[in-house]
Amino acid sequence: MFSHVQDLQFEAKPDGPDPAFARRFQEVLGGKWGEMTVAMQYLYQGWNTRLPGKYKDMLLDIGTEELAHVEMIVTMIDRLLDAAPLSLDDAKTDTLKAQYAHSNPQHPIHNGNAASPMDSMGNPWNGLFVTASGNLYADFHLNATAEMQGRLQVARLWHMTDDPGVKELLKFLITRDHMHQMQWLRAIEELQADGLDGVPVPEAFDLENEIDEFAALYVHASDGDKATEGRWAQGQSFDGRHQVTVQETPEAYGSRPTLPPGDPRLYSTPPMDAKGMIQTIKEKLT
Amino acid sequence: MFSHVQDLQFEAKPDGPDPAFARRFQEVLGGKWGEMTVAMQYLYQGWNTRLPGKYKDMLLDIGTEELAHVEMIVTMIDRLLDAAPLSLDDAKTDTLKAQYAHSNPQHPIHNGNAASPMDSMGNPWNGLFVTASGNLYADFHLNATAEMQGRLQVARLWHMTDDPGVKELLKFLITRDHMHQMQWLRAIEELQADGLDGVPVPEAFDLENEIDEFAALYVHASDGDKATEGRWAQGQSFDGRHQVTVQETPEAYGSRPTLPPGDPRLYSTPPMDAKGMIQTIKEKLT
Amino acid sequence: MFSHVQDLQFEAKPDGPDPAFARRFQEVLGGKWGEMTVAMQYLYQGWNTRLPGKYKDMLLDIGTEELAHVEMIVTMIDRLLDAAPLSLDDAKTDTLKAQYAHSNPQHPIHNGNAASPMDSMGNPWNGLFVTASGNLYADFHLNATAEMQGRLQVARLWHMTDDPGVKELLKFLITRDHMHQMQWLRAIEELQADGLDGVPVPEAFDLENEIDEFAALYVHASDGDKATEGRWAQGQSFDGRHQVTVQETPEAYGSRPTLPPGDPRLYSTPPMDAKGMIQTIKEKLT
Amino acid sequence: MFSHVQDLQFEAKPDGPDPAFARRFQEVLGGKWGEMTVAMQYLYQGWNTRLPGKYKDMLLDIGTEELAHVEMIVTMIDRLLDAAPLSLDDAKTDTLKAQYAHSNPQHPIHNGNAASPMDSMGNPWNGLFVTASGNLYADFHLNATAEMQGRLQVARLWHMTDDPGVKELLKFLITRDHMHQMQWLRAIEELQADGLDGVPVPEAFDLENEIDEFAALYVHASDGDKATEGRWAQGQSFDGRHQVTVQETPEAYGSRPTLPPGDPRLYSTPPMDAKGMIQTIKEKLT
Amino acid sequence: MFSHVQDLQFEAKPDGPDPAFARRFQEVLGGKWGEMTVAMQYLYQGWNTRLPGKYKDMLLDIGTEELAHVEMIVTMIDRLLDAAPLSLDDAKTDTLKAQYAHSNPQHPIHNGNAASPMDSMGNPWNGLFVTASGNLYADFHLNATAEMQGRLQVARLWHMTDDPGVKELLKFLITRDHMHQMQWLRAIEELQADGLDGVPVPEAFDLENEIDEFAALYVHASDGDKATEGRWAQGQSFDGRHQVTVQETPEAYGSRPTLPPGDPRLYSTPPMDAKGMIQTIKEKLT
Amino acid sequence: MFSHVQDLQFEAKPDGPDPAFARRFQEVLGGKWGEMTVAMQYLYQGWNTRLPGKYKDMLLDIGTEELAHVEMIVTMIDRLLDAAPLSLDDAKTDTLKAQYAHSNPQHPIHNGNAASPMDSMGNPWNGLFVTASGNLYADFHLNATAEMQGRLQVARLWHMTDDPGVKELLKFLITRDHMHQMQWLRAIEELQADGLDGVPVPEAFDLENEIDEFAALYVHASDGDKATEGRWAQGQSFDGRHQVTVQETPEAYGSRPTLPPGDPRLYSTPPMDAKGMIQTIKEKLT
């Protein structure tokens, strides 16, 4: 259960309008790695985990904070859209003309110059962006990744605007993404220290069921001659369980598949003397 | 540029048909964390990276191998669909009746009893599943995650079938996902050792531009009382740059947003004496 | 900015597991008219409105409450998925066998038997489900509709389960949807009383710019002979501005469109003596 | 069963080309609230209703008319795309240069400079835009909303062009949306007068099954202090069945959820002494 | 402009309900190759073509007819959904139990037991299913294909039901798809006879701009040894313009790509001495 | 199983950057008719076909080659994005300013100035673009169509750039699409010659089950008076099995559908004396 205060976690005031940047800012609101995704992902992971205690509590803390980030970016986009020209003629300056060209037409037409849950190309936010697998080790790795991709995107946006008010909010977002990267990396360590999982994930799957021969085989399927210089292709594997070996070209351990004819009632092209076949099928089917 | 041999990397022969499992197997073929995703993700990362050498070469190696995994799973699904009943009456046994109910209707109707690039609920594979950000550190974390989620899903499928032939292929896939987890974790270490990036990602963003006050502040926004027991909420942060402090309840550093009235030509509800407003707008617009 | 308590707004405990119902319950979680939609829609409308005061405050109240509904349904689905069979053989009873067949395969494979933001057919929640147009009159009508469609769907679910714990939550949801229908209908009245808008929406668009002849013309385009018995096809129009008249069959006021040839560089089929045309194009283009 | 005449219901001739406006016009053709949506929505509602007579006949009338609106907008977009520059160099004037920038690249590449069923950001029209619930009261509210959102969008487009021919069509569309708003509002009145449904929708759900305590409780979950000034938070509820009361802060009636451990075969993080747990799982599974 | 009669083009009355088949039937209503697709595709092609006369007129004829097919299938699905059990307990017979399991949960919950524009797996109909390229030769090939895929799917459905009423409608649909295949194949011949286009499409593109060496080169990139037995790999090419030759293994005519370092402000992993690089970037950026 | 060489099949080097064209080029990479589609479509058809031999081998040849086309276009887009301005101020020249406006914001923000699997409007590549029906005759028609639409799109792109390096690659793609059109048309001939299928597809469906009366009936549903001048509306049908006749206006062979009341537990609007009905339902349900 949530409650809400209207004061923002941090200020979200641009020094002036910029509809072209408003469109770009949508990426970190409603894009695959945007704030909608991390808010929903952490909340679903928190609600769904079957392990009560510090991990669940932490997930719900951060998920709740991310909702405040959604709110700030929405507010910023709304303000960046003030005074957006409605048409080319409406644009008084060359800058506004160019911005008109690069703005998002749904901002005025669908939203009355305001934000919506989509990315910078207009793809709507999608429930498949969220993963809450129940396995916290795998999910915390995804969360660390999400904060990396997120900080990377905001750092790129940093170079796409000179507006001091916008940059102030970007600073805040970059700093929080820094904080959250640290947090997920610590949480991964702690999961392992608590013996809750480890590599290879899921650790509880019995390694007896693996095929040892393939557990540390580096398959050199492309012809780049530097690939095997990395430590992934030599020495002990990361989990210390195997010595890595290199297979110089991909080798086949399976045979060429030939599929059975299939059900004639599906009218797929039949694998045999076909002229007779069609006759046979017709006879069978009538 | 690719070449192809028809022999499979590993055998993909079930002992018998199982249309219900064929539907479930689609998840690791065309789902968000399926083989289509990792194949395309590694190839796009390899083609797009601006860093020539071992990392690029390795990405293209693994991406090319994953295409062979797509091929094996497609073949397995095709074979699991042999002898699928076309209707309830057509199902001779109770098992087949239940399987009919749980199968994917597009398998027979759209594909003639064969696989297609979709997940177990029928969502088509989607280009947004792929991330190739140009930043290898962030992307390798995602790749490690993908192999964890992938191995987790195949390990779950392991308990959903008793077919020895199917289990043989699952073993192979689980083993390769083990190998690939190790590989990405090594590659992350090596990127850092090569000084190419580090945490917080992207490391090259000048920390002077962060707001120090928020760089290690744990915001306790939900009321779970265990959250602050984790190491993420105390001591030194993961990158050793800060001491973590806890904010007991979320605090607002920004003000309540009030948006300006907006362009009357968009007919949004106006923020002022409205009766007069509509009149004014009408006058202005005519 | 939000804060969260882990206690639920209302109890969400089924008396027993029911994976088939868990799948169906997803509809009112992540479907077009589900709780994800109303939560996000009211919050975006609240954040985006340019009218400060009671309407904005109310939108944020209700949007925040709806997040608690998302949380309860997620929890309920998680519990309904306990003890779900992983395969047909795994199902001990006939009921579980049938439920296995009707369950959502991503629940175990992708989520570890837990909820995710999708509908009952597996379509992920989509940002386009949200409309926040800036015009509160139009949006409050949509909100009233959303609560009607929502209450209708939960009322249908009511007859699909006998589990007393599930029914208790359904009661709560149906009651809140009742409350919220009342609220939006009142808010529409109040918007009109406050002179902020009215029919036809948007009222501020100058009616002089309409074409009077078509403002109350009922076009009888299908041959059902009862259509004109309704009050929509006779007497005064709803806003009292016109007398409705009936056009017995659709009448054309425009001419047959003939499109100009188009740019030959697009290689569309050309509208003229074609043999010569291809020659001409070739000549022009070389 | 349909028949078609090629004469347009109304003229659709711009005075000149405007590829940037062609892109924007797509919103009311293939967007969520565009003509494709209302055409399909009314037809599906008409075909699906189980109530023969005036309502069904009226739905099929209007759905059929809306197909003519689709046709007119397609034609207008086709004409607006004449003479669109294929590249920056190809654009002879500054206006055309800017329009090139803001145009839809699929218009030339995919369609040969013609319309397609998508919105102004390129999202394809989607079957989920249609709701035909079987409950006409809920659906007519949606239809009224659709005409409000539709008229709002066309009224916004009105200020984005000066082309007299385009404005003539916009006038027609705005007028018809006016007419159709009136019609759906009348139809809602009439449904109620005919005793077919009423608020709360669906009225036939037995109110005894509601929980009275929550039927008129206004939950004040956000801290805006004006929210309770509205009539939705005081006095009699809209349906006259209850007195509204205000809950000053959200109150929990449910307990904190703790989920059971879950099936170990799903490898979710286990809720107990974990080191031992993994061992146990391994033993059980082997 | 359209008009509508409520009588169906052909009878759509099943002998009894069958909710499982209703779900399957959705494929040919709202699937990629369903009636919604062909109706919209032919109408958009007809509206968009810049060639007035017999081709345009014919497209509008068939597109209009296909709308009647949509109507019949909707009606059939509605009737197949009568008496569908709402729950397992509700299902009186084993057949109904199994059908419950295989039915579409949105049919009752979202639609009140009626059809909607989606396929058999629940994917909503999508505007991208439609192609109207402006080039009639390419589009008529697609139309012929659509009728082939459509007839194939209905022929498969033929074996999934024994209901005489359903089979009667399937017969009609199969027959019309036969007719329409013939029609598009004739239209392709006629386009060519009229000199409007030919192979390779678009014929007007100057062959001088092709690279002759690759115009009839069969690239043998997979190791299947039968591939070159086909006439596509020997003798004259289909258009008689070249002699086909076989390249025994894929040959590279381009060089290995090395991408330039890229903009440091995007924080992609840099292609050079990295430790120094990060320092340099930091210096540049501050 | 695949192997890969890093040399490109053909050179992919532009003479200079062009971010606006990079966006447009995405259409033939990740659009509906782009190289991702044909690569995946041919591979899935090859893996899925139940007919071993030359057709399967050929499909795998061409599918494998198409992967090399994906690689070349990705490389070209990456290079076209070098030096793209990050903001309007960043753009040094008017051309770059305009290109900034027309570029794809995800190229820098999501990908670090590189390609991704989406079309020119940002729609992600979608698994539904692939059809592998099992019936090779229908699928080869689709493949021929895909090469026609593909060549058409590249031919259009030809006129949107003057860059000699880009044009060189376009030449190659246009030539290969020419080759592949020829190949699929030959393969259709050969399938027929081998007696594997023919028109109407699927030929094996017993024509006795068709309704002869509709097998060659041209339904004149729109009022264009030229439609019946085509050979599709007169003489022998394409397969020589029937004489075509024309139905001057669409005729109904079915009756007006009236649907039964439906299950009252779904609360659809009931088809009868409604006031009494609601009472009855309430009584029944309580």
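Should a chain be cited, it is by its letter among A, B, C, D, E and F, assigned in written order, with residues numbered from 1 in that chain.
Going forward, contacts are C-beta pairs under 8 Å (C-beta built on N, C-alpha and C of every residue); 3 or more make two chains touch, one makes a residue touch a chain.
Predicted model, so just to flag it, every value in this text is computed and none were measured.
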item	value
Which listed pair, D-E, A-D or A-B, duplicates the contacts of A-F in over half of its pairs	A-D
Same vs different contact residues, subunit B with subunit F, by half of numbers used	same
Subunit B-subunit E separation of Cα centroids, rounded to whole Å	27
Subunit C and subunit D: spacing of chain centres that average the CA atoms, whole Å	6
Shared interface positions of subunit A, touching two or more other chains	1-9, 32-33, 47-48, 50, 55, 57, 60-61, 63-64, 68, 75, 78, 86, 98, 101-102, 108, 110, 112-113, 118, 121-124, 126, 128, 131, 133-135, 137, 152, 155-156, 158-159, 202, 205, 221-222, 224, 250, 252, 257, 259-260, 262, 265-268, 285
Contact graph of the chains (line, ring, star, complete, other)	complete
Residue ranges of subunit C in contact with subunit A within the complex	1-9, 30, 36, 40, 43-44, 47-48, 50, 57, 60-61, 63-64, 67-68, 71, 74-75, 78, 110-118, 124-128, 130-135
Interfacial residue positions of subunit D with respect to subunit A in the complex	20-21, 23-24, 27, 31-33, 95, 98-99, 101-102, 119-123, 153, 156-157, 159-162, 221-224, 249-250, 252, 257-262, 264, 266-271, 274-275, 278, 281-282, 285-286
List of subunit B residues in touch with subunit A within their complex	5-12, 32-33, 46, 53-58, 60-65, 68, 72, 75, 78-79, 82-84, 86, 108, 112-113, 123, 126, 128-129, 131, 133, 135, 137-138, 141-142, 144-145, 148-149, 151-152, 155, 158, 171-172, 174-179, 181-187, 189-190, 199-202, 205, 209-212, 214-222, 224-233, 237-239, 250-257, 259-260, 262-263, 265-268
Interfacial residue positions of subunit E with respect to subunit A in the complex	152, 155-156, 158-159, 265-267, 285
Parts of subunit C lying in touch with subunit B, wherever the complex brings them together	1-6, 47-52, 55, 86-90, 97-98, 100-102, 104-106, 108-110, 112, 118, 121-124, 133-137, 191, 194-197, 202-206, 208
